[in-house]
Every structure is written in structure tokens, then in C-alpha cells.
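Here it is, the structure, as C-alpha cells.
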């Protein structure tokens, strides 16, 4: 028994030394993103984007004289996996976590990061992400409600839709967006004749669409993700429903066009400016570097948003010369117009990014985008 | 004199008890989940390995415990300690309600019906029935255990809480095995016609197994919810049930060391081989096939003959 | 009324896919008393293999009957071979082992196939070209049938009738039925049981392959883990119809497809599986061996 | 109180239109060794299955101490004191001899539902008592040496004994033996007969199906002969042996074999 205790102490001591030794030299940055699963191409883009920027920072001499190291954890876009990732990244003692892509996975991890004083920045758009007012959390995109107001205004004022159908899946993000859009449309004086839900991943949406067909709508708005949106659009036209199809921000992905095939043409997307349309030089340079390193473009603007979140944190560390997350957070809460690749980055007291704008794109025959809003 | 099983159990408990001294926090987290999963695997074993009911929906009971704690704590503000009793009792009550109409189904039919129960449970969670379950995102921000002002939030605390739960589970299993109830389950499992001719009410003992199994799984679920501070539907899906089912059969039905080994092989090994990320489940599947071909009754099959020593006279 | 008819058409389409997959389950179960958990993953494998064959041989795209027939034949052959290998390596060594060991082996085999797909084709969704079949749409009094739906309904009916005739009218089919009833007796009568089991895996896998290709063509997006969902639904269909019973699997598939479409259309797609499994449990409570299954008296 | 321990009144059992038992009547007195004989397929085992609740007869009454027990669940029948053995041995073959016999003590054990989770002083007393009883029955059948051996590893003759010991451990009022001598050699059959006598001495009524005529005639005080599910004759051994209908049934059956 005494020998066992000795061995145990020895092992514990060496473990302590090893971890203590490694913690000094590098600053770890966590990436929590869906590397596999349904949203894999978005998750991989985020991971790639972060690694690209970090490589550049390291090549320029690092941060506060230290090298940065990326630790990626795959949350598969699932809440429970996200909770496990949170524990893992906290155990790795990362300074900040970039991600995740989905609001659900982001929210599931939030509390753990907050309890362990780890910064987190995500592109999740659910309003609820900032409701706790955790000082560790920064949203690098925009709130659903902002998008909803824009969408409603476009539907009612610009297009003059009379009969609008709103569809979502069951995720809190999509339901939240659909509810806000419905409410906003009614505030604008428009009419939502049907609000339906589909089960993500079931592939067969004809049952709901057949029901919608009988209502003869002039617009179908889908607030869920591209993996379902592309199929809904294709099945809509197969069933001979003539209505316009308008997808919320999460439909903006190349796979949408592949899934919809020829039916993609004429589809509308409402999103933050997509990478190609970003007017900033920094964005153009980022896209070029990304393409050079990975041989393809990032899946969508979300990777760029997350990169901006990372850049803002790195900027704050440089300015405050501190690795204390509370100090960094205090600085970020007052950040104004930091030049990001998706435009100026400013945060509110609750970690909300301010000053974001939207566009409506129409998909052309060659699958390119055209801005159609005023 | 101690029996071989008791010695093995003691060595195992000592190793697991000292484990936090050796492990860093990441490994401690894996160790904690290992303990929780072994508890669930034992409860699955009561139903599958002992009573012989083909039950492939155990994640539902595990999830019921987890969600009971999560809902009562987050939505109703109960303390974690106060949620323990309902986290055990609700799965027990639900098992009575949903299993009793199908308990008479034979073999594979019961297997599919229990998969169905798991899927229905999952759908209730995903569809946010009564606005309680949080839909596909689940419930976040579950509290930690607080007793007399102490907060047990560190990984080591979680580990030892799970360790104690495993201890309690082993204690119950031991008591079960040496009682009329544990034996009756085996009789029903091995030959149900002979068992009922001996006066054993098959229905009663299968339900008894389900009730105890559900209760223990519920307790483990409660622990799981607190450990990760979040619960969400996919942690309790059919694939998870299949894992518990496989743990028991790969390790050895009704065998205490077998179930522990099964949990280790099915849960910890994949964690160790995380480096081979992409190929690991492929290898894992192959291993399942090979294991069943080489050891169809499990790695460490059960040995019967656990009788009082005064009866052990023979040499044969 | 035409909405109801539209739902019926939609339901029959998915129902006949379930039926094709269910036949694979029911034939294996009938002969080996084994739930072939890997069958759904074979269906998924077929969709991926078919996509690769199509894009590598007919990369210029475009609809051509030759292309479609080639893809279907090649894919069905490949999946049949995989099915036979599956039986040889994962199930045959376990024929005399405890029943649950074979179940675990089947689960392991499913994991192997699923992850092999992921390693070969990657974890992301792959998308079928939209021009494999012409995008013609038939509108019959407001009820819309696409060419693809028409093909699914037509080809699966033909395959099912062919299988029914094979099982009931040919010598080989009689041998299959004999092995299903009593393996030992069939062996004594000079039937080569191994050969029959091989034939069953060939037919079951090939039918699953056809279903897999149709899933790809009809729904376009395919993922490495989709086999599980289709497999489970098809398996439930087989049980509802009466597992081990070939017309039962066809009947069960169509019933489940229709039931699903009507539930999704008139109640909620979110509860579709709850209704599916409630139906299953109710059927099992009242008819423990399925709707068309025979009740077997137990011998004591 | 009825005069008879068990009374079968006009019992009929059908399988998919076939008549397995046809309006059968018989009466078993307390303390008897009662034989049921008849050719293969005569419906003897079906009759036992009806008595023990595995089958429910479509017609007639099964009176136990004057009360109808038709359609009562098998485990309840066992609780009433009717225990049985099987024609094809049904032991819990992976389990040890002691554990098998202990299953007979199930209905005598007074453990409460919570004793499966937590043990109480009453549990310890009950558990010890029943294991001791198990030990007594192992002693009685000469099985003590095999206490920890899995029954599947033992010879046919010993397995038959274990099955009887298991049923007897439940202290039955009526013990039903389905071909107890099948597969036994002459010595073992001899031993078996002695054991059955001992059982009778323990005030247990015995009903048995047996093809070994020497043993039946030697042991059974009264017997009923059935063929094609129907009564042919009943009486004491000497009468049965000389009855022309019985002889014909047996010879006819042998022709068919």
C-alpha cells in the first residue's frame, strides 16, 4: 500500500510538471465547430479560417512574444457533444474559443466557458445567446431579430407579398428566426397564412409542401439550414408550387445549389453580405489567402465572421498586453470600429455585435448571386 | 475467505479510487463518464443479461433521469440534491407504464418495441413537449451539487460522486444476485417454461428487472446531467442504447467484471484511440464482429454456482 | 380531395422504397432468425457507389437510358457481392452461437460499412446530379407525379412481383421456403442451405441497392449515416407486415409509407416516428407476429 | 372439501381443429400414485400441460380440491402445490445443481420485494433456511457432490433426478412426472422407483406418464389409459393389463410405428 501511494505521488507530480511546463510557452486558442456531421463544410471552413489567421500571426512573431496553438474540438453541431467539447477545451486551458457554428451548440457550451472564465466568440444568431449577459461571450454576427425586421420590410414593402408561408425546422435558432419574422411581418401589416415546421434531415418534405400547395401562397420563407432548404426548394417546384422561395441566412451555402439543382435558379437568400460582395480589401486578401492555402473558398460568410471574432480578441490582447480574460473582455466591451474583414467590429455591453447590414441575393442560372434589394 | 469475484472487485475499486491521483483533468473527465456509463451498463445488464429481456432502449431511462434533474433544476429551481429522488422514481414509474403492455413480447419483437420507446422518448424531447425539454438544443446551465454551502463543481468532485454511485450500484447488484429476485430473473432467462412451472411469475420478474434497471439508469442520468451541465436529445438516442446493449454482450452477460470490461472496451478504448479519429469506428466495428466470433458469450462470461459454502461439498 | 390523393402518391413512393428495403430484412430473418442490422447501411453504400459509377463513367452528364441501366446493374451487382461477403464473414461463423452474438456482429458490420463510406466518400453530404432522370412532371387532375416517382413505383412493383413469382413458382423459391421453415429438414432433403442463404443475401442486397439508388435520385442529398433511418423504418415495416413473410414486407412497406405521409400531412411531421412506433407496438400487442404473420403454437 | 385432490371433468383441448383431448374424465385421490398411459401422441403430455396451466382447455373443468383451476396461470398453479417435470428435460443448464434446486424453493421463500435491493435480518434467515432445504433435497437425491456443477455437464440420469428434486423442493401436494424413466438404464430406473416411493411416503400425490410398463404396473395404484385424446379404460394395474381395448390400442399403435 505504501509503495502504491509513493508511485501515485510520483506520477501525479510528473503529470503536474509536464502540464505546467507546456502551459508557459504557447497561448492556446480553441475552435469548437461541427467538423463532421450535417454542417461539416461550415465547421471545416471555420477551423480553416482560424488556422490561416493564426499561422499568419505566428509567422509575424506571435502574440505577446508567444506562439499561438489551435485546439479543435468537433461538436458535430450537437448540444451534448458541445458540452463535452467545452469541458475538453477548458481542460486544455485555452484562452478563447472560436465557435460554434450553430446557436444550439454554442449555447450548450456557454455556461461552462463562463464558469471557467474562458472567452467565447460565435456566429450563432439566436437572440437567446446574449440573454445571460455572460461577460465571456461575444457574438461576431447579428441577432435574428435584426434579420427579421429586414426580412419583413423587404417582403411587405418592397415585394408586396400578400400570402406568406413561413417554415422552420425544430432547432431553437430556426424557430426563433421564424417567430421573429412572422411577428415582424405582422408588424409591417403583412400576412403569414401558415407557419409550418419540418423535421431536419428527413429529406421528404412533400407532405408539408402538399398542404402548402392548397393555400396557394406567393412566398415561402424557410428559416432553417441549407441541407433542408435545397431539398424543400426542389420538392416545391416538383409539386408545381409557383411561389417565390426565400431562404434565411443559413441557406447561404454552395450545397444549397447542389441540392436544389436546376431549381436553385430564382431563389432568394437574405444574409449578411457574402464573401464575394464584401467591399473591404482585408476581405479580398483573406479570400485570396484562404483559396491559396486550401484550394477552395470558405463555405460562406460565417467563417469570416468567426475570424473577425478571433481578430478582435487578438487585438484586445495586444492592446491590453494581458492574458487575463476579464481584462480582455472589459476592453472588448468598449471596442469600437475595429477593422474586420466583414466590416467594422464593435461590441455592446452584452457582447452583441453592432452595426450589421443585410442584403437580398437572387440565385442566377449559373448559381452566382445578384443583389436585388434597394 | 474472499471469493475471486470479490478480490477482483476490490482491486478494481482501489484502482478506480486512486485514479484521480494519476489523471489530468481531461482524463478525469473520461474516467467520470466511464464510471457513469458502467452504472448504466450494469442497469442494462439487469434487464438484458439477467432477466434476458431483449431491451434496446435503455438510453431512454438514462435520459429520463438526466432530464428530470435538468428540468427540475433549471425550470423549477430545485437543488440538485432534491432532484435525485425524482430522477430515480420517474424512470421507474415510466417503465411500469410503457413496458408492462409489451413485456410479453418475445425476443426480437421486444427489442424492436423498446427501440420504439427510445425513439418516442427522443421525439418528445425534440418536440419540446409542454415547453419543458428545450427541444433539440436541450437544457443548459444545470447547477452543481451544493450541500451545506459547499459547491462540488470540480472534475474530481464529479469523479468521486460517480464513483460512489458505482459503489452503490455494485452493492445493489450483489444483493440482487443473492436474493430470490436475482435468481428468479436467471430462471426466467434460461428457461421461461420451466421457470413458470416452478411458480415464478415471468411478467413480475421481468418488470422487476426493468424497474430496477430504469431506476439505476435514472440515477446515472442525473449524475451525467450535472457532470456536463447540459442535456440534449442526441445523447439519449438509439445509438446510445445500442452501445449499452453491446457493452453487456461484448463484456459478458450477467458478469460483473464482464460489464466493466465491456464498458472499458466500448467507451474508453475509442477515447484512447482518438488519434486515429477517422478510422476508429471502422476498426471498432470489425472488433465487435471478431470478438463475437471468438467469444460469443463475451470476453468474461458469467460463472454460475454462487452458492453458500456449506453446500459446496463435492469435488466434481 | 386532390391533396389527399397527392399525399397518397407521396406515401406510396416512399412506401415502395421501404418495401424494397424491408424485403432484405424479412428474407434474412425468415431463414436465419437474425435482424440484419447492417442492411440499412448497404442501402446507403449503394447510393454512394451508384453516384461514383455515374460520375466516373458518364461524367459529361445528361440523361441516357444506357447510363441509368448501367448504373443500376453495376451497383446492384456490387452491393450483392458486399452482401454475400457480409454473410460469409460476419454471420456464418455465428450460426450456432447465442442469438444475441449475431445481433452484435450485425451491429458491428453496420458500423464497419457506415464508416467505410465515411472514409471513402468523406463525412459531408454528397449530392446526386439532378439530371439522371428527366424532370418531366405528370399532372393528373391536380395530382402531380414526377418521372422519378413514376419510375420508383413502376420498377419496385415489377421487382416485387418478380420476387413473389420466384419464391412461389420456381424450384429454387420452394427451396428457400423450405429452408425458412426448417433448416435441418431441408438439409436432409438435399437442399444446400449455404447456397440458399447466399441467394437470399444476393436478392436482398440487390433490392436494397435499387432502393438506395432511388433514394439518391429522388432526394438528391446522401449522407454516410442515412442507412440507419431507412433501415429502421423498413425493419418496422417488415415487422408490421409479419417478419419472415415476403408479401408481408411489401404490404408493411406500403402501409408504413402511407401512414407516414398522412400523419405528416394531416397531423405533424415532427411526431411521425412516434406514430410509426405506436402503430408498431399496437400491432404487436394485438398480432404478436405481425399483420400477415402466422401465429405459431409453442411446443413445450 | 372434495373427496378427490384433482378431478378432470369432460376436458377437451383442440389445436387448429384437431382434437388433442376429447372429453376426458379422471379422478386422483390424495396420496395415490396415478398413472396415465397410452401410445405416443395420445394426448398425455397435452393433458399435463392443461393441468399445469400451460394450455387452457376449451371445454370442461379441472377441479383442484373441488375448485376449478382451468385457465389459471402456470405460476399460480405451482403456488397451489402442483409441480411437474418435463418429458424433454428443462433444467437451467448453465446454472449449478444447487441453484436449479433452489428454484423449487422460490414459492416457499418469504423475501419481500425490497430484498432484491437491500437485505434485512428476515432476509438472511429466509435465505439460509431455503439453502438448507436445498441441501436436504440434494442429499435425498444423492446430488450433494454435484452442488456447484452446471447441470448441462451431467448425465441424463442425474439430470432427471435434479428435475425431480427441483419440483420436490417446492413441497408439492401433487407431483406430475412426464416420462421420468425415459432414457434411464435399468439400475437408474430401479433407483427412480425407490425415489417415487419415498416421495409418496412424504404424503405427496404423484401423477405420472410412463412407457416403462414394468415400472407403471409396479408403482401405480390406479391408472387411466387414453388414446387419440380419449378415455379407453381406467382401473387398477391387473385390470388394465388384461383389458382388450387397451391391448388393441397398444398393438394398433405399434403397427403404425
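Every chain is named by a letter (A, B, C and D) in the order it is written, and numbering of its residues begins at 1.
Note that contacts are C-beta pairs under 8 Å (C-beta built on N, C-alpha and C of every residue); 3 or more make two chains touch, one makes a residue touch a chain.
All figures in this text were calculated on a predicted structure; none of them were measured in a lab.
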{"item": "Remotest chain, chain D as reference, centres from CA atoms", "value": "A"}
{"item": "Chain occupying the middle, per Cα centroid", "value": "B"}
{"item": "A-B or B-C, whichever has more C-beta pairs in contact", "value": "B-C"}
{"item": "Rounded Å distance, chain A centre to chain B centre (Cα mean)", "value": "36"}
{"item": "For chain B paired with chain C, centre-to-centre distance based on mean C-alpha positions, whole Å", "value": "33"}
{"item": "Between chain D and chain C, distance of the C-alpha-averaged centres to the nearest whole Å", "value": "49"}
{"item": "Approximate Å spacing (C-alpha centroids) for the pair chain A, chain D", "value": "73"}
{"item": "Multi-partner residues of chain C (at least 2 other chains)", "value": "270, 300"}
{"item": "Junction residues of chain B, two or more chains touched", "value": "126-127, 193"}
{"item": "Touching two or more other chains - residues of chain D", "value": "54, 86"}
{"item": "Chain B - residues contacting chain D, complex", "value": "172, 175-176, 178-184, 186-187, 190-191, 193-202, 208, 212, 304-308, 310-316"}
{"item": "Complex interface listing, chain A residues touching chain C", "value": "36-38, 40-41, 170, 197-199, 201-208, 210-211, 213-214, 227, 230-231, 234, 238-240, 255, 258-259, 261-263"}
{"item": "Complex interface listing, chain B residues touching chain C", "value": "54, 101-102, 104-109, 111-113, 115-117, 119-120, 123-124, 126-127, 193, 238-239, 242, 245-246, 249-250, 253, 278-279, 281-282, 284-289, 291-293, 296-297"}
{"item": "Parts of chain D lying in touch with chain B, wherever the complex brings them together", "value": "52, 54, 73-75, 78-79, 83-84, 86, 90-96, 98-99, 102-104, 106-107, 109, 111, 113, 115-119, 123, 127-128, 131, 134-135, 138, 144-150, 166-167, 170"}
{"item": "Residue ranges of chain A touching chain B (in the complex, touch as defined)", "value": "4, 8-9, 11-12, 15, 19, 78-84, 87-88, 91-92, 103-104, 107-112, 115, 132, 170-172, 175"}
